[in-house]
Amino acid sequence: MHVGLIGLGKMGLPMRERLRSKGIQVSGFDRNPVSSDAGSLRDLAARLTVPRIVWVMVPSGSATSAVITDLAEVLSEGDLVIEGGNSRYTDDRKHAEQLASRGIRYLDCGVSGGVWGRETGYGLMVGGEEADVIEAMPVFDALRPDGAREDGFVHAGAVGAGHYAKMVHNGIEYGLMQAYAEGYELLESQDIIEDTGGILRAWQSGTVIRSWLLELAVRAVEEDPGLSRIEGFVEDSGEGRWTVEEALAAEVPAPVISAAVFARFASRQEESPAMKLVAALRGQFGGHAVRQ
Amino acid sequence: MHVGLIGLGKMGLPMRERLRSKGIQVSGFDRNPVSSDAGSLRDLAARLTVPRIVWVMVPSGSATSAVITDLAEVLSEGDLVIEGGNSRYTDDRKHAEQLASRGIRYLDCGVSGGVWGRETGYGLMVGGEEADVIEAMPVFDALRPDGAREDGFVHAGAVGAGHYAKMVHNGIEYGLMQAYAEGYELLESQDIIEDTGGILRAWQSGTVIRSWLLELAVRAVEEDPGLSRIEGFVEDSGEGRWTVEEALAAEVPAPVISAAVFARFASRQEESPAMKLVAALRGQFGGHAVRQ
Amino acid sequence: MHVGLIGLGKMGLPMRERLRSKGIQVSGFDRNPVSSDAGSLRDLAARLTVPRIVWVMVPSGSATSAVITDLAEVLSEGDLVIEGGNSRYTDDRKHAEQLASRGIRYLDCGVSGGVWGRETGYGLMVGGEEADVIEAMPVFDALRPDGAREDGFVHAGAVGAGHYAKMVHNGIEYGLMQAYAEGYELLESQDIIEDTGGILRAWQSGTVIRSWLLELAVRAVEEDPGLSRIEGFVEDSGEGRWTVEEALAAEVPAPVISAAVFARFASRQEESPAMKLVAALRGQFGGHAVRQ
Amino acid sequence: MHVGLIGLGKMGLPMRERLRSKGIQVSGFDRNPVSSDAGSLRDLAARLTVPRIVWVMVPSGSATSAVITDLAEVLSEGDLVIEGGNSRYTDDRKHAEQLASRGIRYLDCGVSGGVWGRETGYGLMVGGEEADVIEAMPVFDALRPDGAREDGFVHAGAVGAGHYAKMVHNGIEYGLMQAYAEGYELLESQDIIEDTGGILRAWQSGTVIRSWLLELAVRAVEEDPGLSRIEGFVEDSGEGRWTVEEALAAEVPAPVISAAVFARFASRQEESPAMKLVAALRGQFGGHAVRQ
């Protein structure tokens, strides 16, 4: 089995390493020739075992759509594309149909694990046809964490189900992070607490709230007590918003995940028009002094 | 009828004016001799019709408790104290009992209207005994807005009910202000909207969201388009927090009022420890760049 | 001036009445022949002063799009369509372009006021070209509340601005209603409060939270004390969700409006899968009894 | 070392077992004679090594206060009480002072781990004097999980710090549980998702959101797919509310933890007065049908 991997960035590069370390033959392609194994997509296609398996790992949105369009030209009937980026699940149906018109098969795969995945393996959530999933299983088995397959891999459902599950995963992630963050601030706010870092560390074993994110929080506070070197400015990469949008569409109450998303928006505002109006209203009715 | 009024500040002073303009004889007492009619509480007591009616309008908490303690000494059996400050309703029971031990009667009264009350009248919410409420009705009628009594005055229930109703009023106020504020920010964020101030103004008549707070918002934006002279730093004076605490105690879901309170807290933070942790966590697992 | 009005339902019918009562000649069209003045759209067009003004007041989405498509056939170059339904502002651009290809002009108009508008007038928010707005002003003036034009009418900006402003209006409406509702429940939960209806009524004059929605709350509680005849099952008609979606797109924190939307979702659930999982988790780690 | 343990319920009984299995001699006391080793507190005191160490593990509030009062009579100067229940940290100062007046020392200890602690060890957060903590370390070491002490034990600060840290721990727990719960409901709501249980299971390894709570969720869904045997009725035991109260007092924004608390309140309501009012308002202004 010789598979292709398109996109050798922060995620793709360590994935190529992990695949190779697990005995999967991989040729990678990237527009950056330094890391690329192939000179072009056509060159890449020529190197692979037929029917080909090509994993796409480029930024979601237009970059992914462009690669899919190119692959429709370059690949042959019966080949299989696995789209592993952080795409919105609604894009999967379009991509699957686009490739199906050329007889090319399609799986979508949500990949979790961040920069740690090279070492510990990646959590994988896959959508598509059962037969295609089985055919690609050696690739999935190489990427996922060691141990029972079911603990780090799932065939979640039809095309799109993998990215939908990954989106929900990230929505949950937003909520978890914000919950720890509020607790952290409550510890920092209380005078009788003398060792916030020690408390986080002590929560790692035996408690109800132990988790991998907590371990990362322990590391972060050990590396930088008081987090004095970090600004409270938090980006969001889309999945949190999509989760709230899906909650709206499905009429699912999502107060915690939406609060976590909005806290990030607020963290990025130098000025809040909303809070300016609230301050102005207090000045209007109460003669309350406002900061000018 | 010659009544006493203790506390001649931002609220008490215009209340004395309104009472006098409505034909109620009032002597005021304040520690500031410039506005005070009486030189001492004892002097004040000597001027009033017996049984005396004394309205207390000083800051809630220790200032109010100190005045109640002093009045227990200075007043006589059968006198009536009306506590009109922004006290927590749980303080009313203590104050009522303290005075009752001297045979002095007690009403609590929530007062709304801010600096506009002198002119338009004050919304009044009263707690205590029916007979006491009836006795003090001329004072209430002078302070409340003109028109039907029931539209600006209520005997809400037993001692504490007036301040409880006022607390809930303020909790609602927090929610209303934040709702308008979020809407305002959404208008300001959208390029095709050319006239935010005009939209606020046009909402004043015929729409579902017309209100007095909206009129104040119109004034604020007319006086300072873009609210460029105001900082989005919003104080809170206690009742919002109490409302959330009462919601917790009574197991009443209060997501909107609590969100409004927390938005004010966040507006006052130069740095958010919570969001620093979220940023740090993103850096830990994702290799996401963080602002340092 | 003889204008057309398409859609004679809960909103359109009283609007025709108000227009006529203000001296505007109107022919209405509805698929229901009982209320329709014209037998067909073509018949309607034949009756109107040229260049024609046609107001569309049908349900948003496919119904509105179908009418726009039909009007593109029936109307002539230079005619003016005013789309007054509860459409999403993103639909306006499509409709405007569709009509522009035939030389037909387009305004979008958000209309607030509900069933009360016949009597009090409708709050109007308009998007489009200045010249078109001026041409249609007699119609707007007839529909809006009496008094200063600026208090019930606004030209908010380019095409789509009217419906965007109306969407934000409705988002605010959700937040306001939920704030009053949480306060109402807090009054109902407290034993010392003896007269919830009286408190609502007394808030109508002099207080900071006086509003038209509060007046409606007073009516509702007077008609049905304790609201014993009403189920706490709350529909939403779309604009609340859109407002949250726009907040996500524009990165505007909207914790209050989103909390109000989610409270409606939760009100309609007979069973909450989320809360079942929380209950199950408590059982798992704490041996807490769960209801089965 | 022969220590005392008061309270042999759902927590105390397995703690006695774990202590004994780790070689600590323990006499337990409970009002229930079946599990009690001693016939009375005085009897218990007589059995222990002097200076005595007595661990109190009874329900927080009046039960704990009563035991502290009894211990002030029964113990001697120099003895040490460790209060391990789920007390509010503000109670600790009172209890410490009460015992200090008799020369008895006091530590507070937050204990996490639920029914699993017997086997895996309990996460421990302690408040009080360093010397007292060191003296009691053999007990803490027996109760905490095996491995590095710092991963399951912390001396968090002065008296009260242990229970404060435990309160924050539980507040975070509420937020984490609600985040998973919202994600679970989003999976259940989506047709293309065919294997919710499998997705939860696959998140256990390699993903960012892996945690002990997630493992419990996997168990819960495996035991009862669809959670059909569980009602979405969720109790709360106090710490979540206290966390929100502390956030209010410390002016810490806590939107996620409060949303989680309010979701539990709502889950227990058969009828929501708030949502009845929202429904009534929609009926009033829009003529929207309401369920009666």
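Residue numbering begins at 1 within each chain, and the chains themselves are lettered A, B, C and D in the order written.
Basically, contacts are C-beta pairs under 8 Å (C-beta built on N, C-alpha and C of every residue); 3 or more make two chains touch, one makes a residue touch a chain.
The shown structure was predicted, so the numbers you read here are calculated from the model rather than taken from an experiment.
> What are the chains that subunit C and subunit D both touch?
Touching subunit C as well as subunit D, we find A, B.
> Same or different, please, for the subunit B to subunit C contact, judged on whether over half of the interface numbers appear on both copies.
same
> Given the two chain pairs A-D and B-D, which is bridged by the higher number of C-beta pairs in contact?
A-D
> So how far apart, in whole Å, are subunit B and subunit D when each is placed at the average of its C-alpha atoms?
Chain centroid spacing, subunit B to subunit D, equals 38 Å.
> Between subunit A and subunit D, tell me the centre distance in angstrom, where each centre is the average of that chain's C-alpha atoms.
Centre-to-centre distance between subunit A and subunit D: 33 Å.
> In subunit C, what residues contact two or more other chains?
As it turns out, subunit C has residues touching two or more other chains at 114, 178, 180, 182, 185, 189, 208, 213, 247, 251-255, 259, 262-263, 266, 272, 274, 285.
> Quick check: in the complex, which residue numbers of subunit B touch subunit A?
Answer in residue numbers: 10, 114-116, 177-178, 180-182, 184-185, 188-189, 213, 216-217, 219-221, 224, 227, 229-235, 255, 259, 263-264, 266-267, 271-288, 290-292.
> In their complex, what parts of subunit D are in touch with subunit A?
89, 112-114, 117, 120-125, 127, 144-145, 147-148, 150-161, 164-165, 168-176, 178-180, 182-183, 185-187, 189-190, 192-195, 198-199, 201-214, 243, 246-247, 250-257, 259-260, 262-263
> Using the touch rule from the top, collect the residues of subunit C that touch subunit A in their complex.
Against subunit A, subunit C makes touches at 208, 241, 244-245, 247-249, 251-255, 258-259, 261-263, 265-266, 268-269, 272, 274, 285.
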